[in-house]
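Shared between the two complexes below is chain A, which has chain B as its partner in the first and chain C in the second.
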Partner chain A sequence: MSRESRTRTKAGVLVDAIRESPVDRQVKKYRRALLLGLLTVIVLILAVFIARFSKDRPMTFADDREHYLYGSIGSEPGGSISNAVGGVLPPYWIFVTLPEICPEKLPGGYASLGFIYENGRDLPVGISRRFRLGFDQVGLNCASCHTGTVRETAASERMVYPGMPSHQLDLQNFFRFVLDCTLDERFTPERVLAEIERAGGSTDAFERFVYRNQLVPRTRESTLMLSRRLSPLMANPRVPEWGPGRVDTFNPYKAIQFNWNLAALPPSELIGASDFPSLWWQGPREGLQRHWDGNNTSLQERNLSASLGAGVTPVTIDHPNLERVAQWIRDLPPPEYPFPVDQAKAARGAALYAAQCTECHGDGRFRQGTVEQAKASLKGTRVGTVEPIARVATDRHRLDSYTYDFAVNQYTLYPDSEYRFHNFRKTGGYSNQPLDGIWARAPYLHNGSVPTLRDLLEPPERRPRTFYRGYDVYDQRKGGFVTTVGAEKGRRFFLYDTSLPGNGNGGHLWGTQLTDEEKDALVEYMKTL
Partner chain B sequence: MPEDVIFTPLKFRHLEVKNRIFRSSISGRWDNYNGSGTQTRINWEERFARGGCGAIISSFVPVHLKGRILPNYAMIDDDDKIPFWRAVGEAVHRHDCKFIMQLSHGGRQRDVPGVENFLEKGLSSTDSSDTFHGLLCRAMTKAEIDQTVEHFAQGARRAREAGLDGIELHASHGYLFTQFLSSAINDRKDEYGGPLENRFRFLQEVIRAIRREVGKDFHLQVKMNALDENNALFFWEKKGNSLEEYIQICKWCEEEGADALHISMGSTFPHPMVPPGGFPPDELNWWYGGMASSGARGYFNYAFFHFKLIRPIFLWLWNRRKKAYPVEGVSAEACREIKKHVSIPVLNTGGFQDGALIRRYISEGWMDGVAIARPLIANPDLPHILASGRDLPERPCTFCNRCLVNAIANPLGCYDVRRYDGDHDAMIREVMTVFDPPPFPAEKAPRIVAAGGAA
Partner chain C sequence: MMSGPKKRRWPAVVAVVLLLLALLAYGAWYKLFRQVPTVFATDEQHFKYASIGVEASEGLPYWIWMSLPRICPEMLPGPGGYASLGTAWEPGEAMPIGFPVKTVGFERVGINCATCHTASYRKRPEDLPTYVLGAPSGRFDAQRYIRFLFACAEDPRFNADNIMKQINSVTRLSWIDRTLYRYAIIPMTKRTLLKQRETYRWMDSRPNWSVGRTDMNPFKLRVLKLHDDATVGNTDIMPLWNMNARNGMLLHSDGLSKSVEEAGISAALAAGASRDSVDVPAVLRVVKWVRQTSPPRFPFPVDASLAATGGPIFKAHCADCHSFGGARTGTAIDKSEVGTDPNRTDHWPQAAADAFNDYAKDKPWDFNGFASSDGYVALPLDGVWIRAPYLHNGSVPTLADLLEPQEKRPKVFYRGYDVYDPVRGGFVSSGPEAERVGVRYDTAVRGNSNAGHNWGTALSPEEKAALVEYMKTL
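Our next item is the complex of A and B:
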């Protein structure tokens, strides 16, 4: 008897000598193939899943202007699906269909809030689109708050100026609408999916599953969190409305980025609304004390910090795209005044300007030539330095809303990276700014409390106490926007009340002593800046 | 009353059958494992002769062990089987009934390969396993084909020597001949594959070898598909031969000297259309296990029979093409087409029971006779019943196919308990009658008298 054919034992138990029939071998092959097939399918599904959900692709634009207006700086939610971070807007399809879900809350759609739609685009200026976390997402970019419109008359074509303050944009009511509608009882997966279909979007079964179980509930959840955090700002009778063209830069930042409990802050600190500044011709501004209160001299830190306000986080930020914007606005020239200028009058104004204004604001040379030449033109002036609050005497709420504690928190951002902030400072006043393109930066003062250049040259008691903001027809005589129109085609404008806290129009008395004729000439000159 | 066409004699070239009812090939696992016969088979065949059939076509009789479908089937692989088959023939002949031996080779369709075969793949025209159970096979070599041709010739010689009345070549239902004939199965590149005449070559060689061995005057009929419907179960399979191709094959069979044709259909067995009727999943759950390890898909199939939740998937596949065919006379229309093209008598099988239907088809010239299996299991005296003027027995066959599924594991019989008014014991008693008389009958059973019983 051969060794092989002897009955083998294993642990004392008889084990038959193993033989295999052809069927056994074939079944083994099938099972192996089945297992391999199953594994392949699982791996493929995982791969497709991972590919989809890890894909991070912004819409790209070859043209720099388009990139500025529509490109993504990373403000869409990102990170990972298990731990999504950043972003203040719902996914693309929810965003575009929200006005249909809550039509009475926003008749006229996002355009009625001052968003600019250019030739039939699906998204307005300032809203970027990016595929992230497996879906198209939207976010805010620089252009949302820094692109303004101007009309000569109510009947004329709108002119769109990238880099100009979005004086027409009602950002607060935009946030209110998004928060409100995503908590509305009509905001259900069924309704959202139906509206997506009506809007021409298609969803497959998987996407519908995710909308039902993830996107819609997550949107509501993040809305609940956001609205709770922001309620001391957004739903507080003691905090005046921001109104169009204004934003409270730092208080939402405290709540969203740093999880501060806003309700615990002194009420006056919560009043911080200020005008959107212009974003053009940034190159020569390097080293100037930026932000209304001059709290930072670094353009890069200013850009990064501002993008945080748009919903970017250190995890989700798109540095190359942001840098592309930064490069573009570095050289973006301020817009030429688009209406006729009385050159003789302006010449008279030039002399007055030199005497009254150049020391703090620089002059017409700033907008000419190269970045270096522009910087050189500021030599010997106090442009870009902080004017103590006691001297400038304008409303101090904005100054007070930026605190030491907040600056300390800012230093915790971008740790261990080249982006870490180290230039933020608490100051004691407001910074003197160059006045390039000042004609397009109305209303004036940091809080937009003075509607026109001409009004700013009046002593505070003769400046308008209330006026409408948001209307974009230009008042060529006074240098600013028409303030007397309360509504147009269903859009209601905002009645700005200078008597409310934070809205004060006092201070900045320079030039108020001039004669009316001198003031007019000075305004005429400033149109050329 | 005019003469009943069913009961007019059917004259073949060298055989005359008293009526038009043939017992189609069917069998239980009656015999010894080694293929030698038993008294039970004699009992089995004799009951149909007694019931009035004109002729009995034996069950599948393997010409070689390698071609066996199931163990316990009497074979014709050796001269030592001749005496047994002579005894079967004599028992049948006593009832004025003819006996035609079906010479068969299963090829890859070995439902239970048995201990002799299970370590080797079946022989076939192809290396591709059967599509239903996954029964494995390999393509025969030329030498093996020649050998198999000779096995058939010797089988025929033994049948003649046993005094039987003729032979039938089982060239339908997916067995070896179909594996050569069907374009869905035969993937050979040699002279036995490709064009139709090549695929016919194996059958042609067998017929010629038989004629050489037994002469031209021994009845030889061919059981032939009219259609393969090879994709009836799995729609992704090839369709197989068309009716036109089979008509051509039938004509060639006639040219080669076949005395009759026996028409059926289906490129596998069982097949959704063959036998026509039900496919009882409860019985499959009980008995399919007996062949679950025969093929590489056995356990997979068994899962579908066993788990009720997924049964509908299988039943949907099984039933989806059935709707195009009647249960009774499933291949009758195709048979009519074939009969138009040949001049030898044509039999048809598949769902025949109703006397009126049979009478109509024969008198209208669709066929010359019918071969019946399941309805005869249910009512072995069906010919007498039809002869008495009734078209259906009192308890007709329901075509439920419970007999078919039970045949894997149990004595063959009618297992439709509804036909026994739900009485399982009565059903089993009826099934077991096939074992009577036993191989060793008692001389005379002693009569037991109850002592002191009350009057």
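Our next item is the complex of A and C:
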């Protein structure tokens, strides 16, 4: 190993075989150490950076119920930082502080929209938290639309039922608030950072840099895209409000997944709001025609499709976490009626039910025993099949909002994977559903146009024309929620108008010819389903 | 002294470089050109979803095909993605009928015979479509489809960032596939589409094809590269069935050829297959199948006694030209005699037929039978009920209208709505839904005339009704 010193001159390279001086050697050594150190630091920074931004970790819950209520199905934005995809909500800290940034737009916080906060948690039921793309993100999960509350009286404790339709949740105004506030001029990086500080979150210099240059601008960008695509639904005087407990399942999907210009669709196709269904006792429902119009018989596809609605994409979805939810709701029993039942009266009702209802809706055996026994109880019935619209004669808007052209486009979702949709079908009516836990599934009919079971047994002209939705005190006499309360503690409820398109309360005349006593008995029996 | 060790090292270096190059070449071949045949067990599936050789020459990379409706939605006829173009799309299928996906290095989307030769009908507006294989599509707008691809390719939104964002939100491609898409496939596709767009410029100076129609001019001008004679060749799609019974008859509305095989292969070339990519065995499997298929029966009740009265009327007025075995069936009737719009027969000169017959001299499937005629072929009327609208240019919406003199035939109507009118024999062509879904057809436009074919127009209303009833049974 000879060390040479080279000198370049006009004549060429002179190679001098003289060894370096000790000073030279020392200098070189330092230089090398410095270079090595610098390199190590760069590599370390890169490693930390990559580790941070490639980390994808949901909050985990040992308990299945907690997982259902708060666990992540992957609806937080994901992909990569250069190309974030999916998600409909802003990052955790922005989400938490939004009500402080636009206080007059949501004076009561998210709770005033019907979100359920359990004992001091930072996030309500239905909002999941997951570390992704270098930050804490939030997303919607199944529980947001499928967890309901019930109170005996205004003074009673709220009972929370996972799997129950979130009849109290005003999803449309929730979206409106998020879209509205993230486009507000107060929604600046400085304000966001100040609110985070006030709310007890700490940010380091790097994070503040990312908030300024990435998170806040990206939130705005995503809001602009969503508002543009959804405005024919959300800001269209011809499309009635969803109101609490309802969602238009498929129209937002046309705009968000496929970028269809909704404004070019026939106006009546844009009216698709319908009630959230219950999500318990799913195992026995495999093979039944699901969704209000019965457009899919596969539970797995129904779950994956609903997840798209919550904001997942085929690459950001968390299949194991979703599967855990699917398994849990498979066996989740419908809740027992929590108030007293007049057994003698219910027994009289049982006979009426058998004559009037069982053929299409099954009976009390559906909620008993194993999944197989429940399925067996439906044998010989028309449960889970589609009743032609001409026969059921309820409002047809929801049916018409789901089109053949839309179904064929759905077949391109989850492409190139075992999950690709192939079971969706356009149908010609509404599906007959099993009535397990029907007491908790008010208001009734697919569009929630009839507030109580007792009202449903009246002919349409005697059903309430307008009523309040969203209030969770139970009406034990009629079987449904109290409909006469317009506001409570700052929360305003929604006046549902059955004369608006999509809100019609006609049709489903079965049972309307019974006597008043018979109807009361029938309602009493249905509380036990 | 110095050259000794170097000499010994050279062969090794060369070998390593060659090996690397070979690996690279293999990789490039595998990722860009390797062909995986599309194999289907049944002839029906083959007809609907198999490649006829379009993908290698003009196929669109699958992930780009999937992304384009989401990137340029307003360039389609309406919301609905490719469904808005009137594609036939079966429940549960990942692709519409007639849009085969074939791996040529990577998955590419082409078209095949079924794209234009699959009809749909509905008995009532609320019904789901019933698809009829081999019947002429009354809904698919082939011209709109290629124009959509060109328009989107010309748009600044057609760029690697946008398309990769779409792809990355629906699937997880490998690093190498992402790189290939971003730096090779997307830019190449854009360039190819823009180049193809130039070969279709001639369309801009002619009336639109509209739904359910095509033109032989793409073949004349793009493949044979003949000079642009400004002719209009817009014509309805032909039915593909009962070809054995058509042996020896002239095919195409203006009688270009007598050979089903040649018609099939030439149609594959017109659809975008090249001389080298055309999959002749796949086309011939379709030909063999359509030799023995038969049209579906009329799906509504037929008034048997009325139809029985119509039988002799048909025999007297129509059978000579339109029955199997008729004296003039399958021959070209001179345009002066039939009197229908002359544009289509004028668009195919002898020079085109000659060029066609010379086109594939070196191939085993060399064309020999192409000819030119001065009229239109009197076609057998099997399954005529679903072949609406009528005449070669689809200018008369229903059988009942065809039996009226020209001045009483509709001047303007809508094509592309697939609800059937069981009384008049044809698709519903007016009313709000037909207007919303369909495309306006104006008989005053060049090539669209509804004149001529006056046979039967002098019959009494009762005779006409009986004749229409009889034709529903064909």
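Observations
Rule of thumb we're sticking to: the second predicted complex is superposed on the first by the 510 of 529 C-alpha atoms of A that agree within 3 Å, B and C clash if a C-alpha of one lies under 4 Å from a C-alpha of the other, contacts with A are read in each partner's own complex, and residues count from 1 in each chain.
Going forward, a residue touches a chain if its C-beta (ideal position, glycine included) is under 8 Å from a C-beta of that chain, and two chains touch if they have at least 3 such contacts.
This is a predicted model, so every value here is computed, not measured.
Judged by the touch definition given at the top, the superposed model places A:Y30 against chain B, while chain C stays out of reach. Of the two partner chains placed around the shared chain by superposition, chain C is the only one that A:N261 touches, whereas chain B remains out of contact. Residue contacts after overlaying the shared chain place A:A199 against neither chain B nor chain C. Taking chain A as the reference, the larger set of touched residues comes from C, when chain B and chain C are compared. Shared-chain residue A:A47: touches no atom of chain B or chain C.
Of the residues of chain A, not a single one touches chain B in one of the two structures and chain C in the other.
The residues of chain A lying in touch with chain B in their complex are 19, 21-23, 26-27, 29-30.
Within the complex formed with chain C, the chain A residues making contact are 79-80, 83, 85-86, 254, 258-262, 264-266, 313-315, 404-409, 411-417, 420, 422-426, 428. On the chain B side of its complex with chain A, the touching residues are 118-121, 129, 134, 136, 293-300.
Residue ranges of chain C in contact with chain A, taken from their complex: 66, 69-71, 73-74, 78-81, 83-84, 89, 91-94, 96, 126, 128-129, 164-165, 168-172, 436.
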